[in-house]
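Heads up: the structure comes next, in structure tokens.
For clarity, chains are labelled A, B, C and D in written order, and residue numbers in each chain start from 1.
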Amino acid sequence: MNASSGTYTATEMMTIAAARALTNRDVCFVGIGLPSAACNLARMTHAPDLALLYESGTLETRPRVLPLSIGDGELCETALTTVSVPEMFQYWLQGERITVGFLSGAQVDRFGNLNSTVIGDYAAPKVRLPGSGGATEIATGCQRIYLVMRHHPRTFVERLSFQTSLGHGPTGRERRALGVRTAGPVLLVTDLCVMTPYAETNEFEVVALHPGVTREQVIAATGWPVQFAERVDETPAPTSVELEALRDLHARTAAAHGAVVTE
Amino acid sequence: MNASSGTYTATEMMTIAAARALTNRDVCFVGIGLPSAACNLARMTHAPDLALLYESGTLETRPRVLPLSIGDGELCETALTTVSVPEMFQYWLQGERITVGFLSGAQVDRFGNLNSTVIGDYAAPKVRLPGSGGATEIATGCQRIYLVMRHHPRTFVERLSFQTSLGHGPTGRERRALGVRTAGPVLLVTDLCVMTPYAETNEFEVVALHPGVTREQVIAATGWPVQFAERVDETPAPTSVELEALRDLHARTAAAHGAVVTE
Amino acid sequence: MSEFVTLSEAVSRWVHAGDRVALEGFTHLIPFAAGHEIIRQRIGDLTLIRMTPDLIFDQMIGAGCARKLIFSWGGNPGVGSLHRLRDAVERQWPRPLEIEEHSHSAMAHAYAAGAAGMPAAFFRGYRGSDLPKVNPNIKFIACPFTGESLAAVPALRPDVTIVHAQKADRRGNVRFEGIIGVQKEAVLAARHAIVTVEEIVDRLSDEGSNDVILPSWTIDAIVVAPGGARPSYAHGYYQRDNAFYVAWDAIARDRDTFQQWMDAHVHSGGKGSA
Amino acid sequence: MSEFVTLSEAVSRWVHAGDRVALEGFTHLIPFAAGHEIIRQRIGDLTLIRMTPDLIFDQMIGAGCARKLIFSWGGNPGVGSLHRLRDAVERQWPRPLEIEEHSHSAMAHAYAAGAAGMPAAFFRGYRGSDLPKVNPNIKFIACPFTGESLAAVPALRPDVTIVHAQKADRRGNVRFEGIIGVQKEAVLAARHAIVTVEEIVDRLSDEGSNDVILPSWTIDAIVVAPGGARPSYAHGYYQRDNAFYVAWDAIARDRDTFQQWMDAHVHSGGKGSA
């Protein structure tokens, strides 16, 4: 997935597009991996006051390098303070103090529901995935959910093997029926495009293609008959400021961890 | 209530008799006033490792003077650590980490039930008392309850105006019926005598009279037809070590608070 | 994000007649200055919420601010009664006072449930107590696993919580030290929060700490109010004025001496800031 | 009261075949040394409990210690899969592994409920998730005040909890610093608790602090085990060995390389103490 488009990679475009969605006033519950890169990039560029919380209990952390795990020492050392994990889930997440939850998963469907549990049958799985972690309650406890995932037909699926975390539900209408007051997934950024839910159906549709990406590429990489919005924009290409900040962050991270870091 | 019996007062005898019930291995939830004096006296004499917890969140506190309130700075400054009030009630009291809860009240009945809420009708009280505070859950959450109260017919009553805290219940048999696993009140120390519940009925009966106190005094000071155990001992008089420690404690306390301190 | 404002502005913007107002601080850090400002602004019909009403609610109740009181222990610690509270309950002076009475454990759980976004708190409580007979907000549920009967009370969700803390930093984050009580929960449970502080500092704590800190985005207003917890105390700043707690007994016992004291010490004081 | 003992004695006295054993530490302070000692003593049929199984449970599961796993996220953080866990679930090697799967929020609430002496935890969770369909220990109750459906899970009550901390004092009190995770709750929820520590100190903290400390009387055994959290880390002592986490992927992917590694690094090591 290093298909370079000019002077930046598709992954860089994805991370930068995701970072742009965050504002200086957001309080963000950060997942490890792609979300972590996007959130810290936002903090290091246009949103210096963005408050980042990791489920390890670090409140308003400002890591200088990306953590390998959700509980790296760097997160605690640069935090406003560190609370216990029960407090994090009780007062901060369930207390609905978080404006944005950033999630990813092994599978997503057209309504933004996520699977991070198993591929195949639960009792006799083909692939046993890590499981929910914080995702199940992040998906319902944060005011809004942003999704970041690489586009692939095995990932963007017609039907999830297992619904770990609620998006808009199997028919797109389950949140209200379940009494969930939060908005759920309102943004899905991939390495090909930006998607948002169509208001009437809550089905994710393409609203912007990254520079150089064609509709056909998106259709081929999506496991359901993907819809395009009436107007499809082109994602603005990364600025040199964004690219430099992201590359510096990755370089510092690689130096600090002394090893390859998967993203 | 300063009826001196030889070289010590009835209140001193009561405090010292109560202190003796505590062991070096106890973890004690301390109420303010009489319990606080008894607990700290025990810690300063025969039970130096006695762990004292106050509901303000101070764990294993070692005050040099008696606190006026349950949240005095002295309690925090001399504690192993100080936790939040919700944590104190959740993990420490409800978690059944406490071996002894020391309680007092405005009224007690023969089964060790306590009233600290109202005298008279709840909706139109003759006297509005402070209320439960921690007592209601201390009474059921600690492994054992020790009571310390001054003996008086208006205090030791046939029938409580209001049952704030469960002793052995209105018939002496309610704890088990309510699913309460802890022992409840097993000791009642007054300025006249020591009482424990009779095994078959859970009614408090006199097991020891303080030196110089007669059965008639106890009968006159008790609002129900008080029972005496088959064998009634004499409470050992305060030792000079006990008396000196208690008086030093009170002198330090008076000096520190710069004012009279009710006990 | 918190704003730095005067006490007078904080109270007039965020405390309104009829509100549910919590003033917390467990013996320690009781927000007296803020309570006095509410009295001076004559904000009435309040539902006052506090585990231990203490002198501050005795004063506010005596001044007629309160329509209802939610509490769990209403005494003058180590001294005796709160006479203004008793006068309101026993003789409806200066106005009738509705009370909703709990145990400490229930109040602590109810604040924690409010902070945690729960509709109610569930705990092992009220067994064998008469309190559930007089408080319809105490219910019982059966544990779905063991069948055990467990107490339930509604989460506390104040319209505004007011607390006092030692320090704020320049970004509006606040640190609590010493006996921290239920302040964090009371702030996080509320729709709005006012924090009075002893001082503003550059740095709240050491790197990598587990200190008790509330971020700026959980607070509406920060007011610099040195001594704002007197006659209670602020760990690291000043001691509890125990003599005043003892003296209050005589002041509050009588309606006239109470009103004279209030005129001299509250109504005449604090214009614009503490 | 806690006793100071060797790791070998602590494990042989307090960990028994068939026990429910929690080893907590959220990325930070993972009690690897103690887990290795359990493997060396070949204690089997355990129900292993841990929010994030991590490498330590991958090793214990691969070594055949576990009959059942209670968990909420079973991956190698930042790297990928736990191959021994997957081999046990997908191919029953070295023995079948029953799993009870939760979300982090549920596990955190369940430990807190255990610490609080509750039979169950009640929280706003599992809405719209398939997990309740595959885990009969997830139920729902109606809030007695609002009617809202709330999730319930049984409290976690391990027979023994093992955690690693930075410091104990000579009286056997223990302090945790940095990312404190769910360790306090896991210890307080358990019937017995073993704490391995980096060192013994004279004084745990400053006077009047709110530091995270467990008193001696909540702990059974304290074991001095410097480096006992490696390859995870101990805030203030040593860093996480990220390179080993990455290297583990290749070691654990294959049964033979796994067994060779275990023989060389676990079975040959640690006699009597860490």
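Assume contacts are C-beta pairs under 8 Å (C-beta built on N, C-alpha and C of every residue); 3 or more make two chains touch, one makes a residue touch a chain.
What you see is a predicted model; the values in this text were computed from it and never measured.
Undergrad: If you apply the touch rule, which chains end up adjacent to both subunit C and subunit D?
TA: A, B
Undergrad: Nearest whole angstrom, what separates the Cα centre of subunit A from the Cα centre of subunit C?
TA: Each chain's C-alpha centroid was found; their separation is 40 Å.
Undergrad: Determine the centre-to-centre distance between subunit A and subunit B, using the mean Cα coordinates as centres, and give it in whole Å.
TA: That gives a centre separation of 57 Å.
Undergrad: Where the CA atoms of subunit A average out and where those of subunit D average out, how many Å apart are those spots?
TA: 28
Undergrad: Give the residues of subunit A touching no fewer than two other chains, as numbers and ranges.
TA: Only 73, 76-77, 82-83, 90, 94, 141 qualify.
Undergrad: Considering subunit C alone, which of its residues make contact with at least two other chains?
TA: 112, 116-118, 123-124, 148, 178, 180, 184-185, 208, 210-212, 235 - these are the residues of subunit C that touch more than one other chain.
Undergrad: What are the touching chain pairs in this one?
TA: A-C, A-D, B-C, B-D, C-D
Undergrad: Using the touch definition from the top, list the residues of subunit A that touch subunit D in their complex.
TA: 32-33, 55-58, 67-73, 75-77, 82-86, 88-90, 93-94, 113, 117, 122-123, 125-137, 139-141, 162-166, 169, 174-175, 178-180, 257-262
Undergrad: What residues of subunit C sit close enough to touch subunit A in their complex?
TA: For subunit C paired with subunit A, touching residues are 1, 112, 115-118, 173, 184-185, 188, 204-205, 207-213, 215, 217-218.
Undergrad: For the complex, which residues does subunit D have touching subunit C?
TA: 116-120, 122-124, 137, 139-141, 143-146, 148, 150, 152, 154, 177-178, 180, 208, 210-212, 235-236
Undergrad: Could you pull out which subunit A residues touch subunit C in their complex?
TA: 25, 27, 51, 59-60, 73, 76-83, 90-91, 94-97, 141
Undergrad: Please give the residue numbers of subunit D that touch subunit A in the complex, ascending.
TA: Contact set of subunit D toward subunit A: 26-28, 51-52, 71-75, 77-82, 85-86, 89-90, 101-105, 108-109, 111-112, 123-131, 134, 148-149, 178-182, 184-185, 212, 233, 235, 239-240, 242-243, 245-246.
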